[in-house]
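Lettered A, B, C and D in written order, each chain numbered from 1.
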Amino acid sequence: MTTLMSDPGTTGRFGDYGGRYVPESLIPACQEIEAAFRDAWADPGFRDRLTTLLTVYAGRPTPLTPARRLSEELGVTLLLKREDLTHTGSHKINNVVGQALLAQRMGRRRLLAETGAGQHGVATATAAALLGLRATVFMGERDIERQELNVLRMNVLGAEVVPVTTGSRTLKDACNEAMRHWVASTDDSYYCLGSVLGPHPYPWMVREFQRVIGEEARAQCAAELPAAVPDYVVACVGGGSNAAGTFAGFVGTTARLVGVEAEGGAAATSGRAGVLHGFRSLVLQDEHGQVTEAHSVAAGLDYPGIGPEHAHLRDGGRARYATVTDEEVVRALVRLARTEGIVAALESCHALAWVIRAAGSGRIAPGSSVMLTLSGRGDKDIASIKELL
Amino acid sequence: MTTSLETFLLARRATGRLLVPYVTAGAAPGWTDVVRAYADAGADAVEIGFPFSDPMLDGVTIQEASDRAIAAGTTVTGILDEVTALDVGVPLVAMTYGNLVFQRSGAKFCAALAMSGLRGLIVPDVPLEEAGELADAAVKEGLDLVLLAAPSTPRARLGEIAARSRGFVYALTRMGTTGERDEVPEQAARLGRELKELTDRPVLFGFGVSSPRQAAELARHADGVVVASALMRRLLDGARPRELGEYVASMRRALD
Amino acid sequence: MTTLMSDPGTTGRFGDYGGRYVPESLIPACQEIEAAFRDAWADPGFRDRLTTLLTVYAGRPTPLTPARRLSEELGVTLLLKREDLTHTGSHKINNVVGQALLAQRMGRRRLLAETGAGQHGVATATAAALLGLRATVFMGERDIERQELNVLRMNVLGAEVVPVTTGSRTLKDACNEAMRHWVASTDDSYYCLGSVLGPHPYPWMVREFQRVIGEEARAQCAAELPAAVPDYVVACVGGGSNAAGTFAGFVGTTARLVGVEAEGGAAATSGRAGVLHGFRSLVLQDEHGQVTEAHSVAAGLDYPGIGPEHAHLRDGGRARYATVTDEEVVRALVRLARTEGIVAALESCHALAWVIRAAGSGRIAPGSSVMLTLSGRGDKDIASIKELL
Amino acid sequence: MTTSLETFLLARRATGRLLVPYVTAGAAPGWTDVVRAYADAGADAVEIGFPFSDPMLDGVTIQEASDRAIAAGTTVTGILDEVTALDVGVPLVAMTYGNLVFQRSGAKFCAALAMSGLRGLIVPDVPLEEAGELADAAVKEGLDLVLLAAPSTPRARLGEIAARSRGFVYALTRMGTTGERDEVPEQAARLGRELKELTDRPVLFGFGVSSPRQAAELARHADGVVVASALMRRLLDGARPRELGEYVASMRRALD
């Protein structure tokens, strides 16, 4: 590969990672999606339609909010990229609108999706309703219990939510089940994957659909910061889509890129190379190679792998990956709420918790500027942190 | 036994249809007796599943068998130890997922399999494009890396798969995951015909072979069948090796 | 008064309605707020600060989304003004940011607010946190039970939520209690009223702070519609702030203005002239003059009065006020979700329910254009409509 | 009795401090006996609350009394019927909120009050600016419309209130709502002094007069007090008219 965060070619490799580790039955479907995406992405008409929907429907561009009071407390200039203000409340919509348009272009009539916390499921159900497609969302039985509200949202939006009762009955099993279902229905169904994961072209395509975060933020930083480019660009990492989209806008600059994972789901830090859900990357697994469950206070980060491009960025040193504890995250959520009036998603608060810690310890030098992607809003988390307050 | 999987199967095919039953290693105590019972009942080879936490191509039955096996402490090393002591007169073929294969490296995994006497390897989530190194390592260890072909595979690609597969070509009867189904899909017949035109290697149908009648029907379009879920469901329901052997024998009779 | 929806002068009268019916102890506070608002509203510096916060913080301008699939079904061109995409999820934030800036300008250190469903309370807690003010929110005990999530949001934002245990223990009692508290603390506290209600200058001031909805929408309609102006402009009416802000942008055009109330809280339709919470307007009351409770599936419309300017617009025939039933509203919510992927607030779905009915009956002629203000998002309502689906 | 409220109070003031106890009409059965007991205990006038669903300026005690009264079916007409039959030798003053006053019109409300023999009217949510028509109607009916003055009222405005109030000037002891408090706020003293400088009309303190000692202390700065919550709390707690009369008598003694 020549330039970082560019087209990974037909093999879909990011250094040692990525690829297309799927059963033969899915190969034609993946190839067809890759071809359709290449074609669409080069078509100004498609780009226009996407931009129009993101603008008039999903609320883009999202603001870059200077966190004035918190900046003062931390001694750094903190800018928040407000993905929490998008329709459905997280960056997931950027990707889903893109893929739904692609599915429509390919003549597919149904979207399949996996979901953990339910954010991607809700976004998929939303895009399906918007374009008149059907949606089937796979969700672990345990997550269904924990995230009842998002299940209801999907129902209201007309999506079918299929409980997954196998394995740990959480996100990774929902991925397995979505893929199994896809294998059986590639003719009429399109698998709308929710992060920079899965077989080629998904990690690349999802990053491209999320690139809008980083590109907007970069232009907004140029207007906001004397130095035009922030010293740090920080985002939380579950699968890594909001981070990938953010980093894509800054990878060619001097900004230091930091991805922040949950301590209990830190594939970049504690994972080993492995193959899961169609791609090779860093994966949390036991000594025998059985994939382990990730655990964090943020359901959206409970994924035992990390997007292959992140593994590559880590190996090359272009991005750093850090972890924070659940306790730091909840404290960060409350602190942001009380200083800026923003209740952010627990996922996003991982990025913030790292900034708070790093600014406190001097690791981020006083006076530095930090661009942080606030990937989603925290309404969904309020009930669950009730006991932690 | 030192003959390769493919040579062995070609020889068997000369006299009849091929039957390859499957068992998930560790899904029940004494699972090696199941392997023996299969062989005794007339299996031409036995497929041994190395259980993985996230078996993307498997249906509920084999998922459950895998979960049970893992919960019981089954590991690759443990399986290999048991298999080493096992000689049932027909070749044993490992079936597992990429993550277990690439734990250290494909080469080391193949070496370990070969050392334990296994003759073949099936890795459903390692398709043609990703199989290069692994295929080389397998050749080096005298292990046949079996590739899959699907009803969705275009003809040109089928040719490549047929050319690069070793041991046999694993033809998927349908686009869904494993599990029992009643009908024999038309697409299976077509896939079987095409593969037979493209290669002299044995072509075996797998996925959803759930009755002797159906096995016989499928085998008409190819060289034989792999039977998995139908057996594993019985095993999960408490069937003993002898009963499983009887079921395989009934398949055998249907095929002959 | 000369022009409709202009400055109501020092008496705060809209025809027969409005005024300042408060205890003598509040008169100086009201006068001081009126003076401060007149001063601020004429000060480009204040306007700039407000516009900046609405833009970089609250997510304005909000899009005008063409509801393509629903339009087709209804045979009219339906455009949705997306207040649901603002920070905190409803138009309430427009008003609250304005008033919080005013309070700060006046040297006040605490915001007082009443809340019913909790949307205005959350918005107030948000603005207070943003500007480093304290917030005390009065909420009926019954509403606290029904809207636990919004109570938790306010807590996380650092606001004090005071349960109101008197009267019907709902919104109107929360208003009474907020006013009582305000009487005792005008020196350091500012009463941040949530709708176009209360003593002068509130109905006027809140309409001015909400005017941004109508002004944006009018410009967006001009770009979107061949005729530049829609045939109908529709908004739901609780107290009437989102409707007032919307109408303000269109009152000088040919658009027909329609306010939609809940059948069980239809002050414009079933109310009689009366005085409540500091203003004269149409009020739901029994034959003896005791104010009755409003009842609707949308907690934010459970107010027994209507803003005085709406009473005036009704009397003069410039705006029409209609009612819809709870059942129509829930059906409208599900229909919008399934055709457009937007889960709107039950309040906003009142406006939609009327459009659906009127388009169906031909009251809105086929081919007409309708601009509808979607005042908020429906996440807060999902749990409560679960049984109604 | 045909003397106006103001004339009556001025005459009484000549000989001592003024005491005006309050009762919410309908808050207890036989509430008219409470009015009588107040008068017998030395009240100079009695304030009768017409209960309203949303008493914005009242604290919890009077809110509860109002709720009880409304729940018991108390209406303006009903109160007026009962009051018509009531002659206790001192003027009765109605206290209520704008919504009840403006039900039909201020003029009709005033006429009805006058017809039932009431001499004064207090409407806390109808301040100076909104009082115009109502004040005219009251004058026409020979009813004194009492205006309120607050610690926050600027001096110029105090003058206007003092000039336009009839019967007496109702001086709020504090900025909060009604209810019992312990301290006598310094601001009350100031307000009393200012009003006394501005007018010869009686000036009565109201809001939070909760003990004889406090009543006496407040009355030093003006002409007397209105006592409401302290009495209504006792009534809600079950006190009989006789006991309420005794409490008023103790206030009377403290003032004299």
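Just so we're on the same page, a residue touches a chain if its C-beta (ideal position, glycine included) is under 8 Å from a C-beta of that chain, and two chains touch if they have at least 3 such contacts.
This is a predicted model, so every value here is computed, not measured.
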When you check each chain against chain B and chain C, which touch both of them?
-> A
Intersection of the contact lists for chain A and chain D | C
Among the chains, which is located farthest from chain D on the basis of C-alpha centroids?
-> B
Separation of chain B from chain D, taking each centre as the mean of its C-alpha atoms, in whole Å = 96
Would you kindly tell me how far, in whole Å, the mean C-alpha position of chain C lies from that of chain A?
-> 35
Interface hub residues of chain C, defined as touching at least two other chains | none
What parts of chain B, by residue number, touch at least two of the other chains?
-> none
In the complex with chain A, residue positions of chain C that touch it = 55-57, 59, 62-66, 69, 82, 84-87, 89, 125-130, 132, 148-149, 152-153, 155-158, 333-334, 337-343, 378-379, 382-383, 385-386, 389
Within their complex, state which residues of chain D touch chain C.
-> 52-60, 63-64, 67, 70, 75-77, 97-100, 102-103, 124-130, 147-154, 157, 161, 172, 174-177
Quick one: which bits of chain C touch chain D in the complex? Just the residue numbers, please.
-> 11, 19-25, 27-29, 166-167, 172-173, 176, 179-180, 183-186, 273-278, 280, 283, 285, 288-291
